[in-house]
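So that you can tell them apart, the chains are marked A, B and C in the order they are listed, and the count of residues begins at 1 in each.
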Amino acid sequence: METNTGAILTKPALTKKKLEMVTALYMAGPYVLLMLVFTIAVFVMGAMMSLTDAARLDPGTFTGIQNYIDVISNPKYWTSVWTTLQYTVFAMLVQIPIAFVLAYILNNIKSRFRAVLRASFFIPVLINNVVIALLFRMLFSGDYGIINWAMGTMGLPNNTEWVKNPNLVIPMLVIVSSWQWMGFHAVYFLANLQTIDRSLFEAAKLDGASPLRVLFQIVFPMVRPAFTFVMITSAIGCLQLFDLVFLLFPDAGYVGGTARTIIAYIYDEAFSQQARFGYASAAGFVSFFMILIVSLFQLRFLGLGKAEE
Amino acid sequence: MNTKGAILLCALLAVVFAFTACDGGTDGGGRTVTMWSFAPNNVVEWKARQADIEKKFNIKLVIEEVAQNAFFQKLQANMTAGTDVPDIIEWMIENNRVLDANPAKSYVQPLDDFVKSSSVFPKVLPGRAAWVTYGGHTYGLPHDVHPVVLIYNDTIWKSVGVDVATLKTWDEFFAASKKLIAQQSGGKPLHYALPYAKNGLQSSMFMIWQQTGSQILDASGKPTFTDPKFVEFAKKWQTWVDSGVFTDWDWGQFGALLANGTLCSFTSPDWWVGQVDTAAKEGKYQFRVRALPEYYAGGPKSASWGGSFMAIPRGKDNAAFLYKIMEYMQYDKSSIATRFKDTGMLTPMSEAWDTDVFKQADARFGGQKLGELQISVAKDMPKVVSGNIFWDAINDYTEQYAQLNAGKLTVEQALQKTQEAAAARLK
Amino acid sequence: MIPKIFGMIILSVIALMFLFPILWLADSAFRPQTDVLKVPPILIDKGLPAMGLFTLDSMKKALVDWNVFLSFINSVYITLAGIGLTIIICCMCAYAFSYLNFPLKRVVFVVILATMMLPMTTMIVPYFRVLGTLKLVGNPLGLIIPYAASAFGVFLLRQYFVKIPFSFIESARMEGAHDFRILFQIIMPLAKPAIAALSIVQFRQIWNDFLYPMLVLKNQALFTLPIKIQFMDSQNLNKPYDAILATGFIAAIIPIVFFLIFQRQFIEGMTGGVKH
């Protein structure tokens, strides 16, 4: 009897497992295939190109790591790295704390009005970069912008060339990207703050804790995962800034090179007259690893944000 | 006929066939010829003449309009893939990126053989052809000549006591401009003498530079930004900028600024003259036109800016035939008058200008004959040495210029850095 | 503690600062070119009568003369197709990781998540070359297909799928349904909130995308709204400020309208947390 039931039980189980694997292949296959093509294949192609001096229409000859040496020894590249770093640090320093403060205040406001305010903060997130750059270029225009006009009526200097002055490039980028993303961070923090049980606050109040203590000992620990997530994602985003820079400063010199971010540098090298695809691919790889290392470092240092990841 | 005669006849026929095969003939056998154009203005003329062109060459002409900011990458992509490469491209002279002093690296073929045996091409202004001649090879046929003239608001200038028509040199002009900007409101001048976006060798600086006779590339294509003549010009230009007579060159606001009297003069190629239309129609101010003041005594009174050319992408083996089509489209006598009338553009051949359409009085300038003026200055248009890194080098200077204008660099330092950046591109 | 009213005032001022450029855009989109760039601004210069100077000419110029309507259709088409393909591919993948067992499951999942952190913008040059090899350049599919590879989508959907009681799937399997049917007929209807959230995230990204459409779409006839705006803005000869602003308004108002209607889903979706 054992043999009989044994024979019946083992066969279907085997087929079922194989069937599951095949189904998984069909189900997950398309996505995985796309992922392989648009990441792995891209890396392979990039690696191949970066080892040649491919430029314009010429597939180029094998040059080994010469491109990498050229990138690392090129001051223009490091200037772009420095520009991107400056922007990232300032943007994060401005956006994240202010977003948190906004969220904190918003958390204490009645629900109806809160929804209106929340919507107002969030709307800039929905606008595309071209329109944002256009708006800010026109509002901050040296001669015809409303900002300068308003400053003039208040007695402040009214002829600042906001989008043409090399000294103002980083501030302008920070202003524009803060306008665009601060609402998003604030709403994210708000969603997080709202998960904190009200009763904790009540208990703290009963204990006589000062608002500052409440902040530090209750709120901060609970929003720490959110902070980490926001910091990592905004760092990754800021380091790859291109659209705004390309659209806000359309003259080819990127305002004296001060607005040239890493991706802008890669784009320039790839699509200038020389169209050095091999070199630009190498610059891409160098940048890729640098940004990845920064992200991993953040992950390690700030601790894993979400429990899942 | 006898054997000898037959052989002679065959030889004669063979020679005739050889000739027609060599020069491509003018019969396309009904095949399709594709052309990419970035300039909607030009396409208007091509579409108007399309039937005529198709009949003359027995072809079907397909014209595809390609956006300016997609043109080069699209050409690059298609030529790399080897598919859908157009037979003819009509592309802009500035920042074109498709030419290369080395024919093996150029996106388009050198036309040297064809222009040498052409009876039409030698009549094209050398100053114009220079823009599409890299490393001694002619790569394209320029469409136009775009001579630059000075347009000015006579009413406002005269109101500050200056008759612009009497100024001889740019030095005199900028000295007189100081009177123009004397009237201020809220700390800013009400009137400006010229537009300039303070972005280096572009727009007004680019045009006036051509009159100085200095070059930024030498004949072998190497940058010469530190050449004493250019340095002197750059220094002089900066003193002009510092005197505060320039307002921004705002492409979108230009006409409005002329109409409300903020901008009182500008150096204009033929395709930009239309900016005075609104102002002229309103009639509040009187506008006049004149040749550019000289940079140095006896120097050229004009420059050129912008324009387009036609070329044949590399790899086309019926280039001789395509060349004939291009030459016909660009320079045939039938097009000259319509091109000027409809688009205000001049064909770059001086012998073509002896038509009435150029001699008409222009109401916008109180009856002055704009066409005649443009022709007379076009004739001695200065030649600019162009090359592989020309437009990128200009961008290098734009980059340094921002620092220069902010006071962080001296003119010499900015030019030195530009020179280094441009030279690095040649590696 | 700071009085609530004080906080409300500060926040309202800040909210107005956030909204001001949009309001200016909405105002300028309906003004003729000469009024748009007037200094001082026309509303302040002329006061309330300026409200009567609105015109639809700019809109008409944009939609008709500059063919913005076609770009609008392109944007709609690419966005809808992109969202659709994303949902299908990500749902299938999330299903596999939620309910099926196969070797290397954990590894592959971690790899998928890891791709969310990769700074792939640095790889635009080889990316573009790969697209060219696949003959996807100049083709809307060259945008739609890569959009569908959304790691965030897989992550979001899987989080939701695993919360669905496994008994549903078990009983369906016992009735002989195969997995594809289970996915489309049982799981997806149940996972509507997550799918909505993903759709919204994808909508915002695809509708507003600039760099990739700029590199991929080369024909004017294929331009999406952002590329069209940039094209009009780079016209030196005839820059139509009025049409540009009108088009910008169209491009901006669509997501805003959707947002105002589906506020909750938007925020839940974009903050990655779907509560139920």
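Keep this in mind: a contact is a pair of C-beta atoms (placed from the backbone, for glycine too) under 8 Å apart; a residue touches a chain by one contact, two chains touch by 3 or more.
Being a predicted model, the structure only gives us computed values, none of them experimental.
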Take each protein chain as a node, join two nodes whenever their chains touch, and name the resulting shape: line, ring, star, complete or other.
complete
When I count C-beta pairs in contact, which pair ends up with more: B-C or A-B?
A-B
For chain A versus chain C, what separation do you get between their C-alpha means, in angstrom?
16
Averaging over Cα atoms per chain, report the distance between chain A and chain B in Å.
42
Where does chain A touch two or more other chains at once, residue-wise?
143-144
So which stretches of chain C touch two or more other chains?
37, 230, 234
Give the residues of chain B touching no fewer than two other chains, as numbers and ranges.
73, 80, 253
Residues of chain C touching chain B in their complex?
33-34, 37, 132, 135, 137-138, 214-215, 217-220, 223, 230-231, 234-237, 239-241
Chain B residues touching chain A - in the complex, by the definition given at the top:
72-73, 76, 79-80, 95, 97, 100, 105, 107, 186-188, 197-200, 202, 247-248, 250, 253, 314, 388-389, 391-392, 395-396, 398-403, 406, 408, 421, 425
Residue ranges of chain A in contact with chain C within the complex:
17, 20-21, 23-28, 30-32, 34-35, 37-39, 41-43, 45-46, 49, 102, 105-106, 108-109, 113, 115-132, 134-136, 138-139, 141, 143-146, 149, 179, 183-184, 187-188, 191, 211, 232, 236, 239-240, 242-243, 247, 250, 262-263, 266-267, 270, 277, 280-281, 283-285, 287-288, 291-292, 295, 308-309
In the complex formed with chain B, which residues of chain A make contact?
56-58, 76, 142-144, 152, 158-159, 161, 164-167, 251-258, 271-275
Residues of chain C touching chain A in their complex?
1-2, 4, 7-8, 10-12, 14-19, 21-22, 24-25, 37, 39-41, 89-90, 92-93, 95-97, 100-103, 105, 108, 112-113, 115, 117-127, 129-130, 133-134, 145-146, 148-149, 151, 154-155, 159, 178-180, 183, 204, 207-211, 225-227, 229-230, 233-234, 244-245, 248, 251-252, 255-256, 259-260, 263, 266-268, 270-271, 273
